[in-house]
Structure formats: C-alpha cells, structure tokens
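So, here's a batch of structures to check.
Heads up, the next two complexes both have chain A, just with different partners, chain B and then chain C.
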Partner chain A sequence: MSIEQQYRTRAKELLSSGEVKMVIGYSKGSTPDRRRPAFISTPEDVETLVLDGACIANLSGYLVTEGLLSDEKRVAVFLRPEGIRAINILAAEFQLNAAQVEILGFNTEGNEPTALSGSKVDDFAELIGTLKGIIPDTAGEELYKKLEAMSPQERFDFWQSEFSKCIKCYACRQACPMCYCRRCIVDNNQPQWVNTSSHTLGNFEWNIVRAFHLSGRCVECGNCDRACPVNIPLRLINRKMAGEVLEAFDHFAGSSQTQEPVMASFKKDDTETFIL
Partner chain B sequence: MTKILYTDKLDNCVERWRSAGLSVIGPVRNANITAYRPVGSAADLELSQILPDRSIKELFFPQTEPMMRYSIKKDAINTEECLPPVGPRIIFGARPCDASGLAIDDPLFGWDYKDEYWFNRRNETVIVSIACTKSDEFCMCTSLKLSPDSTKGSDVLLRPLESGKGWQVEELTDRGREAFKAIAELLTEGAEAAAPTAVVAEKFDADACSEWLRNPENFESRFWKEISVRCIGCGSCTYLCPTCHCFDIQDEGDTFTGIRRKNWDSCSFALFTMHTSGHNPRSTQSARWRQRIMHKFNYFPGKFSANSCSGCGRCTRQCPVDMGITETLQEISKLSQ
Partner chain C sequence: MSKIGVFICHCGENIAAKVDCTRVAEVLGDHPGVGASVEYKYFCSDPGQESVKRAIRENNLTGVVVAACSPRMHEATFRKACAEAGLNPYMCEIANIREQCSWVHNDGEQATDKAIDIIRSMVEKVKRNNMLQPIEVPVTRRALVIGGGIAGIQAALDIANAGQEVVLVEREPSLGGHMAQLSETFPTLDCSQCIMTPRMVEASQHPKIRLLTYAEVEHVDGYIGNFKVKVRMKARYVNKDTCTGCGECITKCPQKKLSSEFDCGIGKRTAIYTPFAQAVPNKPVIDKDNCTYFKNGKCKVCVKSCPLDCIDFEMQDEFIDLEIGAIVVATGFQVQNNAVYGEYGYGKYADVINGLQFERLASASGPTSGKILRPSDGKEPENIVFIQCAGSRDPSKGVKYCSKICCMYTAKHAMLYAHKVHGGKSNIFYMDIRAAGKGYDEFTRRAIEEDEAGYVRGRVSKVWQENGKLMVRGADTLLGRPVEVAADMVVLATAMVPQPDAKDFAKVVGIGYDEYGFFNEAHLKLRPVESSTAGIYLAGACQSPKDIPDSVAQASASASKVLALFSKEKLEREPVIAVNNEATCAGCWGCVLACPYNAIEKKDILDRSGKVIKRVASVNPGLCQGCGTCVTFCRSNSIDLAGFTEKQIFAEVMGL
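After this line comes the complex of A and B, so read on.
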C-alpha cells in the first residue's frame, strides 16, 4: 500500500471513530504541480487527500484559526518535521493544547514522501533532536554564502534592493504559523506604531520587525518565502537569525513543548542586571 | 500592407522617444521579478514573459504616494498639496490585460471626483501593448469578454510577427499616432504575417456569475465559507491585481510636521472594515472574499457596466494557498446552472 493510501486509511479511521473532528491535509491544486490545503470533516472525503513530494506547505498555522480548537475536540494534521516543531512552539507559547493535535507526520526526501512514526508531538522528540542545527531546506544556500561574504554595506544594499520590492501584502505574515497575533503590531492604529506606507523605510521597518519577532521561533519551513509574491528571499533572513540564536543560546526552535521562548523568558537569578 | 516595427529598430525607437522628451517604461526583470520600470535602452526590456509579475497599475496608482505636507507652528498651520510628478511617458510592451485594467478603472477614478493622481498620469501616458502569443493555465481574459489582442486601454497595439523579428503596428488613438510619428521613419510598410495569438480557453460564464451574485439569496450561501476556507487573508491577490483600487489615507510624522500619504489597502485584511468601536462588519475571511468577488462582478458592473477584472490571472498565479478568481467563478458558474 502506498504511503498516500496508508495515510488516507488512517485519516478515515480517525474521522470514523470520532477521535478527530477534522483532518487538515493536502489535495490536488489548480495545476498538476500544485497542492492546496484541504480540510476534511467526513470519512468519505479522505479520498481527495494527496500525499506526495509536492506537499511542502507547513499547515500548522491553520490550527490556531480562531475557534478551531476551542471546543476541546481534536484535529489531525499532516506535518513535516518543521511543522511538528511549530506545534511545539505553539504549545510552549500557549496558543494551543498539543493534546488536541493528532500528527500525521511525514517527510519528503527527494520526491517521495516517507512516513514518520508517532502521533503526539512528544513522539517526535528524538527525531527533532537529530535535526538540531540542520537547515531543513537548503534552497538559496549559495546566495546565503554570498551574503555572508559581503561587507555590511554591500549586504545592506542587497536587502534594500530586495525590500524595495515589498508591497506590504503581508503574505509572509499570514502564511507563517508563528505569526498568530490576533492583531499584529503593524495593524495597531490607535496609535499607529508602525507606518503602513510601503516605501523604503516602511518596508525595512516591517521586514526587520518580523525578523526579530521570529528570532528563536522560526522553524524554517519556508512558508513566507514561498508566499512572497515579489520573490524576496525571506528564508535567508530567518536562517541567519536561527543560526545566531543557536550559536548564542544553543536554542533550536521547537525542540519540545516545554522549551522556553529564548527571547521572551528570564530567570530571577540571572547574573545580568539589565534583564530585570 | 501594414506598418511594421522590426525588433532591431527598437533601440532607435527608445532613443527617439527619449530625445522627444518621453520617459520610456516597459517590463524589466530585476531582483528576480518582472515589473514595469523605466528603461534606458531596448536591451533592458523583458518582453518574453507571459506577463510581468507586477501589474501596470502601480505606474498610475503607486503603492504609496504623498498627498500633502503639513507643518504646524505657533501661529500658523501650513499645508502644501503634493501632486504626482508628471511628464510624458510611453509604456512599451504592456499586456492587453494590463492596459484593459486601466480602462476598467478610469470611470471609477473619475466618477464623483476626478482623481488627479490617476488622471494626471493617465493623460500623459501612451500605452503600447503587445498582443499575447503565449498564455498559461491562469490566463482568463477570454472569460471576461477580452482577448489576447484586446485593444481596450491601449493607444497602440503591436502584433508579433510570425518570424519573431518584429511587430505589426496598429495605431488606435491620437495619442498613439502622435507618439509613433516620432519613430515614423523607423517603421516599414510590409505584408509579413502576424503570429497567431495565444489560445485562452473560456473558463467561466461571467454574465451567469454576475446574475447569481445579484440574487440576494446567495449572499448568505454556504458556498462562500467552503470556497474560502483555506484563505489566509493576505493581500497578495489585491495588490497584484491590475484593477483593485482601494486605498487608505495615513498621516505620517509627528505633531508638528508630517506628510499625508495615500497607501494601497486590501479588502482581504481584517482591519479594512474595522470600526473604531471594535465591531467589524466583515469579521470572517469568507465575508472578505465574498466582498472581493461581489465588488468585482456585481457592484462594480452595476455602477460602471464592466466587470472589475481583466483576466490577467495574477491572483491565482501567486496565491500562497492556490485560490483565486478563476476557481470561485467556475464554481459559481456551476451553481448558476
């Protein structure tokens, strides 16, 4: 039986037994190479689920849709390792109760999906341990190295040129499972903390605010990068920040659901006086 | 016999137009994206892409532009109106869907108030479109009563020659004829055949959709929730759209000096309709998607007799979750049968 069929069968069992109220997975898209998020609530519909090498979007963000988990019922979701790490972060930041999430874990090596065993987020702890420090998707690595070799001024010029393309559509934010704020700082208009204008300064403000907010939280799933309609290589900013956080704090985002947020936690006995 | 512009003369054309005082603009590939940008020579033009990634509207309705500067002193408030920098321009290599999009928005910007920001630019711009010989699965102009060689909104339409070495020239407006006078001697009279235009299959029946949308019973249809369940609420579709025209006015600055700006806004955003009280009449993403479709295919045609869509397909092409107008209207077409 193909892995796709196995997962359909499992999804069907979960829905038929009432263990979950919904399965969030992938179905065919508008072109042969596209997959789209699918929300399945009846056992008959599991046949529309697709699982193949084109299933790359991180679907974990849908779990924090307002009201979805508020009835205490469970939801199953197809997740790659980065998505599973995202569940850990969402649980650590009290955005969801991980017990309500049934994980249909898979990985995509090359073009073929492989099954990951486990169904609760903690089942994948060992796997996540082995991934520590490994860049999940090395797309853009050549450019990354080039950027690292640049002088600060050259690097600034590169990002200025990239950010000048930004249209502030916020697709990066909306596609990001970590951008769950009900009201983003840039949408706060009483007062308007951050200008809405999409000029050079405004675009820098937006992209830098986001990069900092994601430091130590980004799981590098690439959703933002793929969502960007003007092709800004957003993943490279986050890759840089993830590397810095790993080096400075030995923090690999999403390692467990009890992991303390690196930028939002402190200890009373911290030797550094500026903390408190 | 028709007028023909050969590709090898294009560089001279750009030069002539520039020395005649026109800024020359066209599709330019830069930093991994193609957009309409100023060009220095024909070599800067990227004319092989099906259509530029970004629409033409930003040349007439930029994503952000100043409207007024203000300064407040002890005994005086000074305001200074900012009007767009003008000067004659020629856009070479627009796609017919982009040019049509501008014509679709003209009545909107000139309806109760004539928007200077839009019309000052419109009146100074010559649009030279190139008929499409290539299309992709997202193109849908033919479903909107347009076509790969629509003349709507264009001052000149060029039809690529079969040989690939130039274009047949069809001058459509006085403004177009005037601009082509400057390059008259670079044109050749010839009988070379034009390449066939792209075949774009009709994907939905826009009239039937509009009728379904006009039926008040369908406003609360379950369909809206089903079709938009995966929408993540970004503004990619609206900002890439050549006809979406909503904007917000913001003051930037401090208490004493600042600038008033006109910025793009999107009906996809929750904040778009948020009231000061905190109440939001479009509190769900499905209500926001319904608004976008209703606006384009019901309210807009009701007022201006044309759909607010030229079928470029950018909404679907770039949607992070594979949504878009095509599928929604295909489903509505089915429902309306």
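After this line comes the complex of A and C, so read on.
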C-alpha cells in the first residue's frame, strides 16, 4: 500500500471513530506542483487527501487558528519533522495543548514521501534529537555558504538589496506558525515603531524585527520564503539566528514541549560576553 | 496644552564650562510646548529649588525638565520640590547634561548642541508623562544578616539592640569569620579573640537574634520590605538541641589527621569537629566527606562515646522559609591562593606560608599555642622574610587593586615576631608602605624604629631552598642593587579576594558585583553601604578589602539603614511598574518566565458562563520592580512600563 493510501486509511479511522474532529492535510493545488491545505471533517472526504513530494508546507500554524482547539477535541495534522518541532514550540509557548494534536508524520526523500512512526509529539523526541545542529539540506544551501563567507559589510549590502524588494505584504508573517500574535508589533501605530511604507528603512526595521522575534523559534520550514511574492530568502536570516542561539545557548528550537524560550530564560552558565 | 518648564543648571562650572547654558535656554524657550526656560548656577540649592517652585506656580506649568546632573543624584530632590509646588512629582524629569554631556566632551560648541538635543528629547517625553501615584507596601520588620564575621555580627547586634528582629545566617559551623583566626590586631595590638569571642556570645544569646549556623541562603524572592528567603540548614549529623558540647566524640574520633580549615592547614582536626575551641555554637558537626562511617559504613565511635545520644547519621538538610524586610550581606573575603606564584615556592616549601597562616602561628589559641615555629621542623626561625603585595597590585598574576590591609598586618607580624622571638631578624620586601588611618603610620614607624623591622624596597623575584635555608632573591630599588637573604621562613602578604562563590551568591540574592566579584554599592561616594537592589545593604570585606574598623563602621551604617527602613510601617514605592494590555496579549507567557521577580501571573479571562475565552499575562503591582525585562521580551508589545511607556520612549527618541 502506498504511504498516501496508508495515511488516508488512518485519517478515515480517526474521523470515523471520533478520535479527531478534523484532519488537516494536503489536497491538489492550482498547478501540478502545488498543494493546497485541506481541512477534512467527514470520513468520506479523506479521498481528496494527497501525499507526495510536493507536500512541503508546514501546516502546524492552522492549529492555532482562533477557537479551533478550544473545545478540547483533537485534530490530526500532516507534519514533516520541522512541523513537529513547531508543535513543541507552540506547546512550550502555551498556544496549544499538544495532547490535542494527532501527528501524521512524514518526510520526503527525493520526491517520495516516507512515513515517520509515532503519533504524539513526544514520540518524535529521538528523531528531533538527531536533527539538532544539522543544517537542513534544503533550498538556499549554496547561498547560505556564500553569505557566511562574506564580510559584514558585504552581507549588510546583500540584505539591504534583498529587503529593498519587500512590499510589506506581511505574507511571511501570515504563513509562519510562530507569528501567532493577535496584534503584531507592526500593527501597533501608537507609537509607530516600524515604518509602514515600503522603503529601505521601514523594510529593514520590519525584517530585522521579525528575525529577532524568531530567534530560537524558527524551525526552518520555509513557509515564509515560499510565501514571499518577491522571493526574499527569508529563511536564511533565520538560519543565521538559529546558529547563533545554538552556539551561545545550546538551544535548538522545538526540542521539547517544556523547552524554555531562549529569549525569556537564563542559565547561570550562559555566556555573558555581551555584558560586563 | 503642555506648558513645560525647562531649568538649565550650570552645576557651578561642571556644566557651564562646556555648555553654553544661555544659548540652550534660548533655544529651548522657543520649543513648542515650553512655558519657561531659565538657567541658574545651582538649581539643587535652596534658592534654586525655590525658583523652580515659583516658576511652576507663576506659569501654571504642566511639567518640568531639570537639565542637570544624573537623575541618580537629584531626581528625588526635584520631584519633591515639584510636589511642594502642587505638581504631580512624576511630571518632573531630569535631562542629564553633566555625566552624559559636559563631562565627556571637549568641544563646547558640540556639547551645547548635544545638551539641546538631550533636553528637547526629555521635553517631548514629559509632554506624554502621566500623573502617577506612589504605591504603598507593608514592611516586614525582620532583618536577615548573611555572614557571621565581625561585620555581620556587628550589624546583627546593632539592629537587635534597637529592638528589631534579626536572623543571622553563617555557613560555617561557627560564627567568627576571619577575625576569629587573627592573633593580635593592628593598630592597637589587642588580642583578636578577646574582643571577638564576647561579641560572638552576645550575638548567639541575644533574644532578638535567631542564629542559624552551618546554613546557607538558597533562594531570595520578593523586594524591599517583603523578601521571601529560603535557607538551607546543612545536616550537622549532631542534634544541636541536645548536644552540650562536651567534646567526648571529638577526642574519640579516629580520623585525627584532617587538615584544619580554621588553622589554614597548619593544624589538624578530627572528622567530627568544632572549628576552634571557642566556637559559637560550641557544638560539633560531622565532616561527611572525611568521616569513616560515611566512607566505609563502619566506625560509629562517636555514637558510642556520646553520653546524650546526639549523633544521627540519617540527618538530612532542612529548609527554613523566612519573611524578611531587609538584608545585610556580610559574606567577607578569602585570601588568594598563592600557588599562582610558583617562583615563591608556596605549596612546595613548607616554610613558605601566607599571612593568615602566620596569624594562626602567632595566635595563643593556634596549633603552636602562639609560638612562632617553622611548620617543617617545629624550630624557631631566626630570620623571617616577609613579602608584601604577593598578589595585590599585580595585574599579571594577582589582582590589580591594593588589598589595603597587608602593609599593616605585615608590620604587625614583624612586631609580633620581634616580641616573641628575641633576636629574631625580619626583612620586609615592599613596594610602598600604605599606612593611612588613625594610628596607622605611627604603628608602622614603631615596627621600624622600636622593633627593628628591616624594610627593603623592591620586589622578590625568586625563593629557593639551599642548605636548609630559604634563599630569597630580590632587588633593593632604593640602593639600586640586587639582594639575597637566607631565611628560615617566608611569609607572603597575600591579596584579599572575594569569596570564590561570590558571583553565584550575588545572583541568588540579586545584587551586582564588580569584575572581581566584590559586591557593588549603589553609589561609591553617596550610597556606599546600599547595594543596587533596594532593601539589600552591604557590610565588610565582601564589598572591598577592608580592615576591622572599616568593616565595623560599614556594618553599623548598614544597620542604621535597616533601622530607618523599619521605622515606618509602610513604605512608599515608585509607581514605575509594568502594565499589561490584555486585549493584545498573546498569552505566550514568555514574560512570566522572563520576570526576575516572579511578578507576572497567568490569568484566565472567562466569559459569562465561566468558560475560558482567553489566557493572558497579568502583572502583580505589589511584586513588580519596574525593571522592564518583560517589556523588552514581549513580541506583541503588550506590556508597557508606567513612567517609561512606549509612547514616552518613542517621543524621546524622535525628539533627538
């Protein structure tokens, strides 16, 4: 049985037995290489589910949709390892109760999806452990190496020219599972910290603020850079920050449900090189 | 409409020498919303304050900016003056044009421009200030004194004698600290034990003092007037309530060769021990790491010897929770480990010792009963070389600072040696003789003139052993030639350094420390006994190297601060606290974790039927210290700090 068929069957069981009230997965998209999120609540509809190499979006963000989990019922969701890490972060930040999430885990090797065993977020602890510190072999690899080799000035220039393209559509924010705030700092206009118009300064403020807010939280799912209409390689700036927090605080985002947020906690042996 | 008064202070010459105050006053006078802009030589003086009050009344000012020194100096002064003139005190702010402007710039033109910017920025802030009301909090009238050396004992006695309760916590089995180890004390040469032990007894018997020895502070929560403290009572393995201190167990314990900490390794002790004969309380503890029973499961000789059945190997550490209003930190110092000076042979040659070890040799209660005898063979040394600054004022191997007491105690050692060993010859290598203090220079002169201490100005480069003698090679920089002295004993005047765990301890208590680990005072000159945390005071050598008179003086000063705090039932606190916007809070509770004072709680927002519709963070105004940590953390900018709201800060930045 193909893994797609296997997971359809599993989804059907979960829905029929009432174990979950909804399955969040993928269905056909507008073009052959795109997949669209599917929200399935009746067993009959599971046949529309698709699972193949094009299923790359991180669906965890839909779980924090206002009110979805407030009835304490469970929801099943298709997740790749990054998505599973995202569940840990959302749980650690009290945005959801991980016990309400049934995970249909998968990974894609080459173009073929493979199943991951486990259904609760804690079942994947070992897998997540093996990912720590490994830079995922994803899009942008080449570019990242090039950026690392640059002088600070060159790097600054690079990002300045990238950010100058930003049109402040905030698609990156809408796509990111970690951007769950009810009111984002950019929507605060009393005072207006971040300039709304899309010129270099405002763009810089916005993109740097987002990079800071995601330090120690980004799981590199790539939702943001796929969403970006002007193709800014946003994930790379977050990757840089992930590297920094890993090195300075041994923090790998989404390691567990009880992981303390890196920006809100301290340990006595943290480096203090930045303060006297 | 705002009507802000701007008061530009010359601070004598401090500001006016660089900043053109007249130009500043003119420029600010034209700034929108400014109702008065004047300069004066000293606004903090009585006529200065009066002129501010008059200006408030005459111009109906809605806010005040005093452009002067740091707010740490006079913010309180000017806020009080404003309140007296009927203005809400929190409508007054200081623009610092001294420390942050005139003092640090050479170019007057540029300094003036910068002063204008700083003041303009503050005017913009004050336009958005809110009228805040101070918060009243109750005060728990019970002090905690941490450290039972002379400083801690003095502070505890002073507070207790004024009728307030004290808890005195000492981590060793006995009170006393370093002073109990000393022989005789400069500058009067009175016997340390004779003046120290009665104090220890007084502290232990005082009805207002609760003494907790062999105890350590585990955790401190809360804030001035309302600290919550957890103390760990280390297991003594001896029931201290029934033990009479008869000492039977000590005489019988088979482990007799353990190095005595109190005697700095020169004397020995048993595994069940009191640090010294005059210990308070005079009740033994078992050194678990070296007890035969704990190591091998066999022995229990002490159990058999104790007539009152006091020994209990099952004893566990216990915890005591205390409610405390004020804390005095008096955790003292350590002497530096001289092993860093390989060339002096400390640790290699038994007869190269440090000053504290010499104190034990010279002390009547010490391992040699006060006779100066060489540790190697017990012979009386005919010649001793003292090396000053063995660690102090040596940035390469030791510490940069002067330990302040070594010149004095080395002179004392030379005197004691001359008194105890007739004909004994001493040579003291020194860099300078620093003897500032009442009776101090007279004291060192006496060592030189009456007790014939031989002072050689210069540093020692090497100590080695030859034909049973310690050869000391150094330079006599006054004569400009090398010298070599054959000695029977060498005494190093070791640097005073912070306790090894000082930095960790500071984090537990919540106070600041300097690059070495000495605790920081709030202001070196004007608030030398207050730590940077309200309600926590410092006493003794934990703050900087000090001798006994200085330690005692600081302890009494701390005690008076505590008593001033306890003189009121309620305390007025600055209303600078965090306020959360529950509508925008995302309930991530990062702030709950980030808050160093545990002031933020998780809160459920319910609908009419009692169902949770939202979970948010909620600040407890009684606990919040206004540090702003949560504000910087909150991604959605939901938390704001009264007195430093985002709107105010933003206006300040934009005003530049």
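One rule holds for everything that comes next: the second predicted complex is superposed on the first by the 264 of 276 C-alpha atoms of A that agree within 3 Å, B and C clash if a C-alpha of one lies under 4 Å from a C-alpha of the other, contacts with A are read in each partner's own complex, and residues count from 1 in each chain.
Here is the rule we use: contacts are C-beta pairs under 8 Å (C-beta built on N, C-alpha and C of every residue); 3 or more make two chains touch, one makes a residue touch a chain.
Treat the numbers as computed from the prediction; the structure is a model and nothing was measured.
Once the two complexes are laid over each other on the shared chain, residue contacts for A:Pro261 go to chain C alone; chain B is not touched. When the two complexes are overlaid, the chain among chain B and chain C that reaches more residues of chain A is B. Touch criterion not met for A:Glu44: it reaches neither chain B nor chain C. Looking at the shared chain after the overlay, A:Tyr180 reaches chain C, while chain B stays out of its contact range.
When both complexes are overlaid on chain A, the residue A:Asn195 reaches chain B alone and has no touch with chain C.
Looking at the shared chain after the overlay, A:Asp270 reaches neither chain B nor chain C. In the superposed model, A:Glu19 makes contact with neither chain B nor chain C. In the superposed model, A:Gln95 lies in contact with chain C only, and not with chain B. Look at A:Glu244: by the touch rule set out above, it reaches neither chain B nor chain C.
In the superposition on chain A, contact is made by A:His213 with chain C only, not with chain B. Chain A makes touch with chain B in their complex at residues 29-31, 34-39, 57, 61-62, 161-162, 165, 167-171, 173-175, 187, 189, 192, 195-199, 202, 223, 226-227, 229-231. Residues of chain A touching chain C in their complex: 70, 93-95, 180-185, 188, 190-191, 193, 213, 260-261, 263-265, 268, 276. Chain contact summary for the complex, chain C toward chain A: residues 504, 507, 515, 583-591, 593-594, 612-613, 615, 633, 635-638, 646-647, 650-651.
Within the complex formed with chain A, the residues of chain B that make contact are 31-33, 35, 53-54, 63-64, 137-138, 229-230, 232-236, 238-240, 248, 250, 252, 261, 263-264, 266, 269-271, 316, 318, 320-324, 326-327.
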